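Pasting the structures here.
Both complexes shown next keep subunit A, but they swap its partner, so subunit B is in the first and subunit C is in the second.
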Partner chain A sequence: MRIGIPRALLYYHYHPLWSTFWRYLGLEVVSSPPTSKEILDQGVSAAVAEACLPVKVFYGHAFYLAPQVEFLFVPRLVSAETGTYICPKLMGLPDMLRHAGRKLPPLLSPTLNARCGPRAWEEALTRTARVLGFSAGQAKRACNAAAAEQARYTAKLGEGKTPLDILSEGKEDKEGGQDQNLGTQKALLLLGHPYNLFDDFISLGLLRRLRARGYRVTTAEMLSSRLIAEEAARLPKALFWSLGRLVLGAGSYYLRSGGVAGIIHVVSFGCGPDSLVGELLERKARRAGQLPFLLLTLDEHTGEGGMVTRLEAFLDMVEWRNAS
Partner chain B sequence: MKITFPHMGHLHVPLRSFFSRLGVETVVPPPISQETMAFGTRYAPEFACLPLKVNVGNFLQAARLGADTVIMAGGIGPCRFGYYAQVEQEILRDLGVDLKMVVLEPPQGHWRELWHNLRAITGRASLKEIWRAGRLAWRKLTALDELERELHRVRAREVTPGDASRAWRQIVDWLDQAETLSETEEAAHLGRAHLAAIPLREDDDVLRVGIVGEIYTLLEPAVNLEVERVLGEMGVEVERSIYLSDWVKTNLVLHSLHLRNDREEYRLAAPYLGHFVGGHGLESISFTIRYARSGFDGVIQLAPLTCMPEIVAESILPKVSRDMGIPVITFMLDEHASEVGMRTRLEAFCDLLRERRRQKKRSQRAKELLP
Partner chain C sequence: MRAYLGLDVGSVSTNLVLLNENGEVVTGLYLRTQGNPIRAVQEGLAQMEKQIPAGMSIAGAGTTGSGRQLAATMVGADAVKNEITAHAVAALNELPKVQTVLEIGGQDSKIIILRQGVVVDFAMNTVCAAGTGSFLDRQAARLGVPIEEFGSLAERAQNPVRIAGRCAVFAESDMIHKQQLGYPVEDIVAGLCEALVRNYLNNVAKGKDIQAPILFQGGVAANVGMRRAFEKALGFPVIVPRYHAVMGALGAALLAKRAVAGRHSTRFRGFDVSRWRFDVSSRSCGGCGNQCEVVEILGEGKLLARWGDRCGRWSSFVLEAAGK
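Take a look at the complex of A and B:
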């Protein structure tokens, strides 16, 4: 049995968990290739105009995989940690995709909702595996293996690697280009949702470009979840979007502690949570007045030229500040 | 203390009644205008959804009239509304506007905080006084909702366009002025009579259209470009999926007590959307199904541009529309929405609905004639 996992949305956070789970059960896991113009166009043509870029990209990856696999893994991602949500669109994603009017293999869509308890993800994956005929024991062992793999992944992130570095490990062509010498270079904080930052096509090679200019890139994924939680606790009200907590938590941490030369916040056009999270972060940064701050908005029409110009102006400013 | 609050349809009537009964001075923000929108778009985040922008405009205009405290509702996500108050507070802070914000969060087991916040507003009023003020406000709200339903029926059939809308403004004013329960009953009675006195057309060939979508754009005429009035005056009877009193009952009262009355919505939507998605996304699906089953001619979805739950619904509605055989049109509203643009699309939509009706009648007659 072949199961397809689209290389989009929270693939960049949970691929090790999901792929190990299915592989352990003996399924052949197929991921779509990195985003391309064709994949994006497929998604854009099937989604409603108002949907955000990441959702359109996800559609494209799902359509790409559809003819090659018996099942598509499209989890209903409600919540990854207690008390939070991810985004309404991810909660409706399997239904949106199913009714997009394209031919698709059956979707496997466990409801992953950490609000229902710490074992809720495991239970949901187990239920889905049971539907495919696996025993509870097999599913349990697969869950353990998957959790162990995910823990290894998190540990690597903690060492300062980005999801892109790790997920493309062992490949000749490393899309993001690895950091050469950790620790010796000037660092930049790159904030944003993983599916924008680590999708080389969508981010127009942002990570690559920053590294080529000699910067070490820090992302929120590299901070421990405890630290993020501590920072998030300083907010006037607990933020209920987990990706927003990550952005705001990491941003506030570096605004207070320094250690980076500037902050770049990447958002998708029309992203609901980021329209507020980004605003809060930008106001914080402006009040602190210490670090250069750049907001980059991406959509399916983003031109490379415009982005590069803004990025270069920003980096010039960072360098000029450091020189003076 | 001078209290203000955001506008949302006729919400200001019960709220003002509640606070003034308790002796708390209130400043109702001026009706939403060009200036409100201008303030909102200038100071609120560019990609925030429209209600937040209008809120900011309301607050700044109310502050100019002397308001010093804002009452806002909170939320627990995933819809952005749950974090509005915090963002609004930051905006006001950076603008140097001195408005204290009291946020009433859904209790989630922490009743004490809600009580504490309520006490901060109600001051020394006794529980009995609060109960009485609440009862009066609630009666005004239910009376307004009841009369508004009647308004929709009358407006689609009035002989002289504009009669019903004029009567409605008068009715809101009467209910706003009423100071006791009996005066409220009197005002409601008068209102019913006022609407009943409007001459109606004899033919009863009005289109029936259901309106679904996000609560704020549904309830606030200034933001939805008075879609209900425009449709009514085109001879279309509208029914809305949300009335303020129903929403208060479901979300503020029942959910706080961990009771539900929305199982039916989940059941109806299930073949299309298997999970709640925040806001009223699920209801937009379930009510479209309801309207189709009750023989409505079409459905209109309203939402602020970039509204997440409604984008989920919008993605699924074409399938519901095909399966149930009911035309659906979506309006995403923002500060650039124009009444002319909306009217053109509505006219085309209604032409389509009338044509469908004619065709249905024709094929029915053909069936009757054939042996």
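Take a look at the complex of A and C:
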């Protein structure tokens, strides 16, 4: 049996868990290739116009995989940690996809909702595996293997690697990686949702460009979840969007502790949660007044001009400040 | 005598500035790009060649604006800079104590915040071009007012009417309604200026710490009505520099001067470029699913540069690009 996992949305956070789970059970796991113009065009033409670009990209990846697999893995992601929620568009993703009017293989859509308890993800994955005829014991062992793989992934992120670096390990055209010894003046904090930052096509090569200019790039994924939780607890009111919490937690950590020369926040045009989180972060950054801050809004552009101009001006500003 | 040439190739206008060794403007030219940046650059060079004083030779050239790469490839540039940095450099040259730069060009608008001679924050308009030069042009034409008289007409207003400034489409229909009710044209024009200033302050300058001295740059700064509206809204005097319309080009010339300091060579190809034959061709690369649109620039039949690909397969093959 072949199961397809689209390389989009929270794939960038959870692919070790998801692929290992199915692979352990003996399924052949197929991921879509990195986003290309074809994939984007496919997604944009089928998705409702109001959907954000990352959702449209997800459609494109799902359509790409559809003819090659017997099942598509499209979890209904409700919550990744207790007390938080993922964006409603991600919760409704399997339903939206089913009604996109394309012929799709059956979707496997366990409801992943950490609010139902600490073992809720495992239970949901187990139920889905049972539907395919696997025993509870087999599913349990697969869950353990998957959790171990995910823990290894988290550890690698903690070493300063980005999801993109880890994904390309062992590949011929692997990411150059970065010099971890570059000091504060050559370090930048790159904040945003993982499916924007680590999708080279959608981010117009942002990560590559920053590294090519000689910067070490830090992302929120590299900080421990405990640290993010501590930072988030400093907010006057708990932020329940988990990706927003990650962005804001990492942002406030670096605004307090220093260690980077500037902050770039990448948002999708029309992102609801980020309209709030982005504003909170920008105000925090301005109040702190120490670090240059850039808000980059991404949409369907393939012309890089607007992004490159803002990025160059931002780096000039960082270098100008460093020198003065 | 050594002189420095700055080119600002924007969406609406192409500007050239000739600077002497003391950083003073010898000649400033303002041309319409009219969708053909190559022709505009050549025309600008031809005009500049006629105006350059005897005994003066170009010791350095710099380009900026959205067409900066193209212009640099054509003329050979020692400095290629984004328009934010170029405008900031020119503003600091004009007034070293400047703390805020308001810039409104043909299709974009920006704000630059400086403190102690260093850029600390900036923003550009994102999705909306309401309130930029092209919109003012269009409204002036619709009202039958020459754009040059737009500002002085606004100054004569007794009682500016309120126009919706959030969106160019709304502004236009609001203006038409007010016209049909019989309001004097000067009150409508002044109301439009106030609406555009409101829109700029709410969208572009959103939350920025605007402090005097304030410089107002870009083509729209010629409009006295806009300047008055800014002064009214901000409560500070707004200074319009003498060369406000060509400040980007001035900044590029200053950056070229810095780039060649201590050197006795320039990449500038000379004014002959205005008589060269330039050809461009574009094609879709079939190397992968991205199908990048690759552009080739040829001067006198020789390949000068290629760009538009994501992977570098074509663009790394550059024979005589500005960077070499």
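Please note the rule applied: the second predicted complex is superposed on the first by the 312 of 324 C-alpha atoms of A that agree within 3 Å, B and C clash if a C-alpha of one lies under 4 Å from a C-alpha of the other, contacts with A are read in each partner's own complex, and residues count from 1 in each chain.
Please note the rule applied: contacts are C-beta pairs under 8 Å (C-beta built on N, C-alpha and C of every residue); 3 or more make two chains touch, one makes a residue touch a chain.
All of these numbers come straight from a predicted model, not from anything done at the bench.
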{"item": "Subunit B versus subunit C as contact partner of A:Ala47, first or second or both or neither", "value": "first"}
{"item": "Partner chain in contact with A:Tyr85 - subunit B first, subunit C second, else both or neither", "value": "first"}
{"item": "Touched partner set for A:Gly158, first subunit B, second subunit C, both or neither", "value": "neither"}
{"item": "Touching partner for A:Arg283 - first (subunit B), second (subunit C), both, neither", "value": "both"}
{"item": "Partner contacting more residues of subunit A (subunit B vs subunit C)", "value": "B"}
{"item": "Which of subunit B and subunit C A:Gly214 touches, first, second, both or neither", "value": "neither"}
{"item": "Contacts of A:Ile39 with subunit B and subunit C, given as first, second, both or neither", "value": "second"}
{"item": "Which of subunit B and subunit C A:Ser275 touches, first, second, both or neither", "value": "first"}
{"item": "First (subunit B), second (subunit C), both or neither touched by A:Pro292", "value": "second"}
{"item": "Overlap of the subunit B and subunit C footprints on subunit A, listed as residue numbers", "value": "269, 283"}
{"item": "Residues of subunit A defined as touching subunit B within the complex", "value": "47-48, 50-52, 76, 78, 84-89, 91-92, 94-96, 99-101, 111, 235-237, 239-241, 269-276, 278-280, 283, 287"}
{"item": "Complex contacts: residues of subunit C adjacent to subunit A", "value": "66, 81-85, 116-122, 124, 126-127, 207, 209, 288-292, 310"}
{"item": "Subunit B residues touching subunit A - in the complex, by the definition given at the top", "value": "45-49, 52, 74, 76-80, 82-83, 85-87, 89-90, 94, 103, 105, 272-279, 281, 305-309, 311-316, 318-319, 332"}
{"item": "Touching residues on subunit A, where the partner in the complex is subunit C", "value": "33, 36-39, 201, 205, 269, 282-283, 286, 292-293, 297, 305-306, 308-310, 312-314, 316-317, 320-321, 324"}
